[in-house]
Amino acid sequence: QVVKIDGSSTVFPITEGVAEDFQKVKKGAVKVTVGISGTGGGFKKFCRGETDISNASRPILAKEMADCKAAGVEYYELPVAFDALTVVINPRNPFLKQITVEELKKIWEPAAQGKVTRWNQVNPAWPDAPIKLFGAGADSGTFDYFTEAINGKSKASRGDFTASEDDNVLVQGVSSDINAIGYFGYAYYAENQGKLKALPIVNPKGQAVAPSEAAVLAGTYEPLSRPIFIYVNAKSLGKPEVKEFVEYMMKNAAKIAKEVKYVPLPAKAYTGGLEHLNKGKKGTVFGGKNEVGITIEELLARETAL
Amino acid sequence: MAIAPPDALPSTATHSPRGEARLAEFAELKKARQRRERLIEAVLFLAASVSVLTTVGIVYILVRESISFFSHVSIWDFLTDKQWTPLFDDAHFGIFVLMSGTITSSLVALAVAIPLGTVIAIYLSEFAGHKTRETLKPLLELLSGVPTIIYGFFALLVVTPLLQKIFPELPGFNVLSAGLVMGVMIIPYVASLSEDAMRAVPMSLREGAYAMGSTRFQTAVNVVVPAAFSGIASAYILGISRAVGETMILAVAAGMQPTLSFNPMEPAATITSFIVQVALGDLPHGSIGYQTIFAAGLSLMLLTLCFNLLGYWLRKKYREAY
Amino acid sequence: MPSTITLPQNPPPLKAQAKDLDFYYGDFKALKGINMPVYENKVTALIGPSGCGKSTFLRCFNRMHDLYPGHRYDGSIHLHPDEVDVLHKSVDPIEVRMRISMVFQKPNPFPKSIFENVAYGLKVRGEKNRTVLEDKVEAALKGGALWNEVKDRLDDLAVNLSGGQQQRLCIARALATDPEIILFDEPTSALDPIATGSIEELVGEIKHQVTVLIVTHNMQQAARVSDYTAYMYLGELMEFGETNDIFMKPKRKETEDYITGRFG
Amino acid sequence: MPSTITLPQNPPPLKAQAKDLDFYYGDFKALKGINMPVYENKVTALIGPSGCGKSTFLRCFNRMHDLYPGHRYDGSIHLHPDEVDVLHKSVDPIEVRMRISMVFQKPNPFPKSIFENVAYGLKVRGEKNRTVLEDKVEAALKGGALWNEVKDRLDDLAVNLSGGQQQRLCIARALATDPEIILFDEPTSALDPIATGSIEELVGEIKHQVTVLIVTHNMQQAARVSDYTAYMYLGELMEFGETNDIFMKPKRKETEDYITGRFG
Amino acid sequence: MNAEKTLAIRAIIRKARRYDLLVALLGLLALSIGIFTLAALFIDMAVTGVPRLTADFFLNFPSRRPAEAGILSSWVGSILVMTVTAFVAVPLGIAGAIYLEEYARKNWITDVIEINITNLAGVPSIIYGLLALGLFVYTFKLGQSILTAGLTLALLILPIVITATREALRSIPQHIREAAYACGASQWQVVQHHLVKYATPGILTGVIIGMSRAIGETAPIITIGALTFIAFLPPAPGQMNIETGQAAGLFDWLWSPFTVMPIQIFNWTSRPDPRFHENAAAAAFVLVLMTLSMNAIAIWLRYRLRKNIKW
């Protein structure tokens, strides 16, 4: 009786929390393993039928859908929370009050490599000080999402920045350097508010919005809000322990997401997910593309349309 | 009393009938024992060859994945490109970027470990009293027993902030701090092995030097160190291999920033830290990203192989001659 | 140059005999055509300047050279009464060593207890019975003139004995298995005169039960303990004869020079 | 038991003198109240059974024991003509060793070239001038009767020389610095008779320029090379006198027994 | 000797002595840098971590709530992985060393093995991780199991065990071997009755030092893909599975998923909540204590056992 989960490191804290509680409830009769091999790595195993559930910080992509299809793996797509990618700076930074997507792009686009190294090159109003860059590891869903949202193309980024899979490393870096700027998931910012400052992002409507639960729910923290998911192997769902686990997760995800500093979805999103399971509504609503800047509202609308 | 030539010795047929019979008997016994001994030897040989199989395995795995890697990336680009962004949209595979990090961090570490380790070895072997040595050496050896991941956090959370007090410009991740801590970690390897080599120099040689009126320092430098040279060289080589191969300290404290630079005041990615970084992430088996870690591993393996061969050659050349 | 071999008038029974024995350390020929008898229950001393091949010759008798690659015998050493050639390829060197024991220059007890040291040869021969072992160990230690000194501490480590005691222990160890010949390679050179005296005495006693071949640098010792003496020089056997004759009226000038210390 | 000391009729000048010398290895008293003169430009031999303290006594002269913890001197050794007590705490052992050289039982050349070995003592004394070094090395090698054999390969490693050559090299090394006394601790026990002969000859020659103290196990050697002989036993000096007297008409029965090999 | 010469000599000695002092001071300074680092490291961990060291900490599984999180699965995992490592590396290492030291004839094959072992000792641990990933995980399909980790670490410490054993064998004087052969022992008897016994202190030291290295290894375990949330223990042999009612086999635990101490530490330090960092410090403290005590045991054994073996 083992439920095997693998995939995104972003979703890991939620799944882990659920797994912990679930195993306690089941008094050890069911074992749950939660691995971290990233969204892509998770799908790779998932589509070979090696895992029951895959954590994903982005929707499944066309290539992965094809893999799953080839192996005869069918799946349910269940959103579990929202994450706000947070752009952080050192709290002692005197000049940055907000930043636009264009400015971020100037800093992070591949063409900036080795050239854009001082703040005044981005915005002449800013001082002539070096830019110190920190970002998610190049093989994480976070990196993929940020580059797509800011630079317009997934994985298109300059390379000369401190990259780490371990977001604490980034927290440490930004908090110890006054000229630093970096990005990572909201949870790490939330836990380290004392050491960091979240930079408000000017959204497409022209408002500068700082990341927060409310802003994500209101759909104003754009384009850096993103949904995160679990994908459940349809065949595995035939196993009672997997089914039980997924049901338990849908009932408790909101509570745990909040606990580990993600933005929980409205209750109907979770019941909707359960409904998909019960009605056998398999597949994805994203058509194999990663989409940027989707709001909770839009997500729910699509899910119900499945 | 007779003086006899050798052929006058009491003659015994080389193969007397009794001798023949016993010989046949012996041959049987010998065969039986040899069968048993051969079997044991074969088993032992198999055990010894496991280490060769390990190497074969390593080379096979690294080369296999690297071959598919190099079918995508030309070796020329691999060796000359000045960027390392294998997982990016615009991928570059300039291994020298990682090499520069590896070399810089190793140099910093060795700049700490080799002088300190050597001085410690000389001190322990030639200056310290028996008691001092027997307490300090094991204590020092404990340094190499601390898991490196713990050193990594020590570098990041304790040493870097201290260094920033001296160099306010120093970024939170830098090769300097990681390298220094790595150097301290390597000290015992250098010190302990060098000291062993120096201890092994026979007392008679030292007495010879002292009897000429040498001071301890003169004895150490003129007699003990040259006599122990090959052992000390092996200690250095081991230290170098350690530095080049060290992973977690750099992964945690050096910042994983792949830029072509030899400045220890900057963050850098090394071959090893790149490999763990990728291993921590979501690289699907079989992708080009997955293969890069093997190509990087192969480069690392070749690098350490060079040092090890150098060490082997040094040992051969300067075998202890006392 | 042929050896000068003076056989005794009424030779005692032969125990062993080297015939045309050559020995090579790789390319270096250390023994050259040695022919020499070894008489039963007699002490034969091998003397000669350092490097002449005494140890090399001695170690042929128990095939000690087999332990090292590149060491090669040519010729034969016949062991009597069964006349088997101990150097023959088909002969198991282990068999040979079970029949011919050896005592080395430096006492080399195993870092085990006194009892285990002496019992070791018996154990290798498969003896497991504790009473048999105890009896034989006692007998051997008595034969080695050590019993009285160690009988109360048979379980002590042998290496804690004094040098002379260790050497007597090694002799006891060699005696324990009832060998036909015991080889001694300068058994007293690492010992002080007192210990030396007791070992010499011991050799004089054990020759009643076993044939002894002894290498020594010490002329007096050779004269004191041996019945026959062989003088070797540069890998050749120069002269062999009864000890009294060799020392009193050597046939060859080289022998005389060596013995009187006028060598070189 | 007081030592029997027979001073010569017309004693030559004193070079050194041990007075009430005790020596301790930790708790073990290895030398007991030794009083003994050493005469200038004479060879004094120390003989006695193994373990009697010959080496221990010899190594007091150049404070070799200072290298090991727990070794302790009591009493004094006065060096003439300045009558400094080499054992005194205030005396720098390095200074003592610069005046008193030593040659060891086993040849112990440094892992350096022949030249560097001989030049070593001079370098330690701060000599840097290459011509001076070369001259002194040549003189010392000649004094060590080694010059002809090595003059063409002064840059070869010393460890590649034969045992006897190595020992002569060590003597040359000791000679190079013009010491006042040279101590020899069984300098020939690791050598073959031929090499031994050449070392003995050498000792006979160098005594014209330096005082020699030599430990030996070999009675003949002591008789051949020394002018004075000291017989030690169990850490005590039993008898001291001119070599001829000691060997021909020893005053004490113990000495006689030892010398004639009737010891024990 | 005249007074002038004496004074000159004294001046030279005084000058030479200065270097003595300098080197002694440098030596002590260098030593204290090392030892000070060790102390700082230890105190740093102790100060943050020790308050977390309650019985619960050892008996709880990891948890998302820092105060409830414990190291049960990781210390059990570490011990099981070490068991596999020891069972593989010790016999293989000793046997290999015996072959090389006592049996191998000098030819190119043994030369190759020889160079190879020296080389392996210098191969970075991460490379072993890559080997394990490519070979054990993907080729032999052993999965990310205790077995895989144990084998990986066994290969990693094999050169250490071999080298230590060889050193120990080499330090047994030849005359002991000759004595045994002269008693009529066969080669294997010499090995079995003498060499292995006298080499034991050296072998043990090597094994323990190897194990204490293995227990702290992080990189190769990361490469084979550990870093997993594990809130259960591997099945003990004979343990009943509640649902299937089947008893676990004797070796089922080998195939079980696992986590080990360094991975747990790494995991905790990379969490946002700083209270996890205290857990990490506590776990690190435990890990360092484990390795230090293993090292201490090795050192103690070295001194104890060698006492009884002299030649």
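So that you can tell them apart, the chains are marked A, B, C, D and E in the order they are listed, and the count of residues begins at 1 in each.
In the analysis below, contacts are C-beta pairs under 8 Å (C-beta built on N, C-alpha and C of every residue); 3 or more make two chains touch, one makes a residue touch a chain.
In this text, all values refer to a predicted model and were calculated from it rather than measured experimentally.
Q: What chains, if any, are shared contacts of chain B and chain C?
A: D, E
Q: Going by average Cα coordinates, which chain is farthest removed from chain C?
A: Max centre-to-centre separation from chain C belongs to A.
Q: Rounded to the nearest whole Å, what is the centre-to-centre distance of chain C and chain E, using the mean of the C-alpha atoms as each centre?
A: The answer is 48 Å.
Q: Using mean CA coordinates as chain centres, what's the chain A-chain D distance in Å?
A: For chain A versus chain D, the centre distance works out to 85 Å.
Q: Taking each chain's centre as the mean position of its Cα atoms, how many Å separate chain A from chain E?
A: Centres of chain A and chain E (C-alpha means) sit 39 Å apart.
Q: Would you pick out the residues of chain D that each touch at least 2 other chains?
A: Only 94-95, 98, 124-125 qualify.
Q: Note the residues in chain E that touch 2 or more other chains, in rising order.
A: 13, 16-17, 186, 225, 227, 269, in rising order.
Q: For chain A, give me the residues that contact two or more of the other chains.
A: Answer for chain A, listing residues that touch two or more other chains: 36-37, 165-166, 169.
Q: By the touch definition up top, name every chain pair that qualifies.
A: So the chains that touch one another pair up as A-B, A-E, B-C, B-D, B-E, C-D, C-E, D-E.
Q: Spell out the residues on chain A that touch chain E in their complex, using ranges where they run on.
A: 1, 12-13, 15-17, 19-20, 23, 28-29, 31-37, 165-169, 171, 187-188, 190-192, 256, 259-261
Q: Residue numbers of chain D touching chain B in their complex, please.
A: Going by the criterion above, the answer is residues 62, 64, 67, 69, 94-95, 97-98, 101-102, 104, 106, 108-112, 120-121, 124-125, 157, 159, 170, 173-174, 177.
Q: Chain C touches which residues of chain B in the complex?
A: Per the stated touch rule, the residues are 1-6, 8-10, 12-14, 16, 18-19, 22-24, 26-27, 29-30, 33.
Q: In the complex formed with chain B, which residues of chain A make contact?
A: 7-9, 36-44, 110, 113, 132, 137-141, 147, 153-157, 159-166, 169, 172-177, 180
Q: Name, in rising order, each residue of chain E that touches chain B in their complex.
A: It is residues 13, 16-17, 19-20, 22-24, 26-28, 30-31, 33-35, 37-38, 40-41, 44-45, 91-93, 95-100, 103-104, 112-113, 115-131, 133-135, 138, 155, 158-159, 162, 186-188, 209, 212-213, 215-219, 222-223, 225, 227, 262, 265-266, 269, 280, 284, 287-288, 291-292, 294-296, 299 of chain E that touch chain B.
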